[in-house]
């Protein structure tokens, strides 16, 4: 739906080492990860001595063509897809970032967010560093350049000990590919194998496309190095237990992926079943908000034995810009993306399933649309708990002020959306659905932040408006 | 899925008369009809004395921008989306076609196919006519120019009596908008109202987007004229009974549309139910081939009480051109569009539902993919009968030689696709699902052509290869 | 300079028959003729049975790429460059035009203007013809299709007898290439040879680029046919004497071309010398308005022995659209294209040479600019007589009302431009410079139209404004 | 002509402070300086607190549109045009470069070349600096960030004392615009005034376009600061005398510019006269190689009293890429850009004037072309001495090995080009033409480098091939 009314994953990463078609497979891997970031795409390859980079604004399939892929010579490559902001600055922030230092060229592709970025940046600036982007990735490159330890393995470890936050990073040098995951394993990162080559990706759907075999997750705190086709691992000091981002299972990841060693589809389906158990209501049909509510709606329907119906049809031809009529059309914004099937909704009591409510504006429009199509009752069911707090670990969430769940009671939200009833899945229900053994971060639902948030970050998220943050 | 392995609707039309934002609403109407043709789009408007045209190759949202819409002055407009073939000729064939004659300027947007086109064309050429496109639409304009009757209503009637075939046409002159449908009503055409303005469209989903109210279908054989905001109707000699294209309900139309005064969703759902009754098989899950098999699969699941599962995920970011790796990847062609959810398919007996099998190549790949994902049995169920014969009424179908249903038995097709079992919906079952009272054309299933096919057309379809036909 | 303040040639044509790289050489030929038309370009080739067309808006080098040239299969091709007007209609009017009739496919590329076009068109429309462009070229195709004579040579002759006007036409059928020139030979058309292949072009500069040898002009009234590599000629009834467009020598053609069997450079140089004899004035330097006044200025300088100086520098990077500052800059419109060399102009008496004055607006700005740069006197000298009447033979001239020479005396024009003195070359002087033996049309200077002008055309040119004419 | 066979200026800069249309005027200024760099263009503006940047590959008129200019808010701006190399890296090297440090944001636009760049870079890398481009401009930003002096005036002075080389730099901070020129004043930089605003530019032609008044050159070693509309100046330790690049007068600058407080046109004209005195030869005509030889040819003609003729016509429509025929065409490469006027050249003794010979390949082709057009003798005259040594001060010259003047005697070069005679202007003659009082650098002609060349740079220029250097 309206992408700005969903939490947004900020990045997807992919890498492959020692494969004759490294750049092409990275391109395919990024293509499979396109849902994790649609505004810029980039690949850096190595031919053993030099790094080659191609990047651009837009979808993977638009940024790369045969010519650009051909310039990405060599048998090892890393790639990145991301959301970014408009304007000239954006291409500067597009990843992978490449820098030259006394260590030689290094490229970095990052999914996550550093919490002590501002402090490190001020400190580095104090020492005379200059910055050419606003990305926290640049901080890591500065730290690597300033670390005197000549051994890159050691230096990397030292640098990672200085940074705090959630990160899954790929690092490409002329000879090595490193895959790094923070000690809590907040963001996903998987290891696969394609013939003799190792490959890493944010989600396993990337492996499926290229025909690679999923081996295991890169472990929390693991620094994995691939050199000369060999895998080597060393570790950061371990955290007591991981804190995987539960929202990957709620919404971000593709349902056909295995994330945190668990099927995303299964989690979502069970969330739907659990929701039906917790918040059943007599009705005629269960209708998902496509595509985010699909799997949970199926679970809800199976559990409640209320028939599942495609009562809302998603338009697949939505362009980037859309010209609106001058004279307003009722529900235009939502109708350009969704159309109700009146045949199904007319005179029905409808249970409408979505994965989450962020600002509430879109939910309100959908409820209106369903009612306009003839539904007599609209019961909104959300397959996760109210989102009450922003994410600081690499997810683009609105500020506290804009999160409807942070500012209104469930009943107030119901009133706002215009639904006849509204229920969210309970925190316990959600954790049950992912078989949590305390290994998930659900801070956006319960404010229990596994990594302490700096005052800087807090201030930023609490008070800035979306427009302001768009500048960065 | 692979669009070239589906029958393809060749066009969608939209018109609106006497509305201050005629061009913008036509743009929106075409946008809602985008599934009927994605390769060119065009709009002609009238300011009361002159016609203005804008057209281009590509999607509606890409062809039109504010500037182009602003040039489409006036309060009446017609538009067209179509499939077309590559190369320079295509933009010439893009519709609406505009011509100047002693009658003044006339624009025509056509959905359908004229059966005596070749004969009329030869006859017109014999009289010295020149043609600038290969489109049968141009024949209609020639006939209008040669008809001596000064009254356009009469002339149009006379011309339509000369042409044979399936057509839903919109005609725009500086003062009038005509909407015409062949006596059998093969292709759909609906009439709606938006405030004081009348609007016509191939499907009602176009009305939904702009907020127009569906009034009724333009009747088979009806010539509907809108002038000065008034509706007027006259008729061609009536056919004994209509012959609506049943494939609109099987596959072409959007499920949220009302087509031939019947909900498309409902037809498809009932086809699924009927299929389950006719061709049940013990299995663990029912999986649709997205998006074509979605609604029927739901019907099948409901009837069979075998759970419905999203076992195949469609990739929404498929670009126009896609760069393949040099080294072949197993199932690449289908995986770039679909990914199996292994969690769901593994160790399962799967009923795979699709709407039709054309050449069989894609079905074969999907069956392989589902098996590769771990399914122990794959039972392919098709929610329409075998397609045994080409369409001559405006649908892009392969030649007889290429239609697997025309050349192999069901058992041979099963063997080809690699499924454990294969069943099609029966002809009677399909007709029951659309509540047919003999008012549908199902010639592609039963070879009962309601309009006689000329030898020319027959020859063409029987022997030409796809490449050759691509030229026209 | 400001192109809208010059007469504009409307087209250039090029053809080559029986050469293995027909399309590529046509592309190069059009490239050399680019100065004759910069807004659209098109090529039609034949592979012996089918015609292939590629055309587009813009410069030759932008319209064609390797892929498009590769689609222009075959060993014979014709091409066309033209000016055209903005909007969607333009691409329809882009040439060559191709039509299909009982004769089979025919392509036509036309440089010129038919004087009885309107009458023929009305007559054809009366007989039921439809038109899809506003180009007079389409009329010729209609006449060909309606001519019952099966022999194309004969039919072509019959059709040409029906049309009146100035034309140099290339016609491509699957087997033949025809090059046709009106009986007065108004517009140029040259015949050349490249190895065994014959080639035709508006100017010889096209032959120079591809290395072809200039043989002779296609004669006035000649119909030249190339088939199977053989040249054959037949003729229209001859005119008493030709009427070559003298403006080709004044401004349109490239100075390195031979046009009407005479060096363009030589004509222009002699116009300058003649002008100095007729209208000498004491001064310090002779300065051409680049590039139109270059050659004549050199002649003037040589004759007058006043030094030639590049006092105005032309900017070569002028883009299509140019963003102006909001706050007006003095002389901005002209300075964006020309910059005065103050070092040269300061405190000098300047003789400024241009080829013609059309509306006078640009001349006025240039005089101001030269004065602003410090010139103490500015003597404007024009190397042709005052343009007093529009052209009806294929040149884009403003209406009578807009032509300053048609409405003001020389002294009034001088006052308008702000020059200290103004002289034009005399009619006799110009004719002497081109060694005219009565074989030139100079109707734009003397209103002696060699082909009678229809009332239609006259009305049109006399009263319509530029905006109105832009529609056609 | 073939741009790769000329020395190429690498950059042009423009800045304006305290003008309400700062960005638009910078755009116009860059447009006038387009001849100094055609491959990328960029502007940075300041609104008093933030810097805004827009840049892109291509011509100024293509890179900027209304939207992009509107985003360049504020009343002060600097801009840059440059040559650059293909591939992704180029946009990273496009200027102005912007960085963030403890001093806040700083933008820098640089025309020139630092000679101790490599050493400084190694030193900075040793201290932990990371580099994101290969541009020497980035070194300056690093030095500024590392300089502890809080006063930016002082810091800038300290940093400039560390760098060696030829530079004209513009620096934009949120509040100040600095214009800096190296102590020898190698590259040009002019100061102008537009109403109350100060403006700086590489050449005065930029002032002419926007209507600014030229005040004076920024002095060698001057650091000029504009803040709050006030001008302030301070200086680096002075050099004994300046070393202005004489090649600006030979070829780079526009003839309508005043450069180094001297008319470029005048210098070039006098070079031509001097050349005639030194190397006269009996002949029929003097023909310039357009456009580089134009002004000198006029001087030569005036001095020798041999008539000046436009014997070679330059094609103005050369696109970026040009498709060649498969079968080779004689002189194709040069004919696509130049066409000989046979009328003028036939049976003539021709003196051909060009400004310089770099590799000799193009001169050879032009001589052949002129001879092919019928010239009986071709005397090549070059309006500067042989170029015997590369430039290290911001000009793109080939390596020593490729410079024909560095490797062959004049007689050998004559043989290579195929001319009947060849003469260069003497060093003394050239210096006389620019009225040199020892204030010019003519190292490319006499190897007297006014700034010592590091071994690094020397190595690089002496041995690398063009392909290798293209990477930087």
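Letters A, B, C and D mark the chains as written, and numbering starts fresh at 1 in each.
The working rule: a residue touches a chain if its C-beta (ideal position, glycine included) is under 8 Å from a C-beta of that chain, and two chains touch if they have at least 3 such contacts.
Here the structure is a predicted model, which means the values were calculated and not measured.
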Touching both chain B and chain C (chains): none
Chain whose average C-alpha position is farthest from chain A's own: C
Rounded Å distance, chain A centre to chain C centre (Cα mean): 61
Where chain A and chain B are represented by their mean Cα positions, the distance between them in whole Å: 37
Chain contact graph, described as a line, ring, star, complete graph or other shape: ring
Inter-chain touch pairs (all): A-B, A-D, B-C, C-D
Touching residues (chain side chain A, partner chain B) in the complex: 20-21, 24-25, 27-28, 31-32, 34-35, 38, 59-62, 64-66, 69, 205, 208-211, 254-256, 258, 263, 265-266, 291, 294-295, 298, 302, 307-310, 313, 315-323, 325-327, 329-331, 335-336, 339-344
Residues of chain B touching chain C in the complex: 52-55, 71, 87-89, 91, 97-102, 122, 125-132, 134, 141-142, 144-147
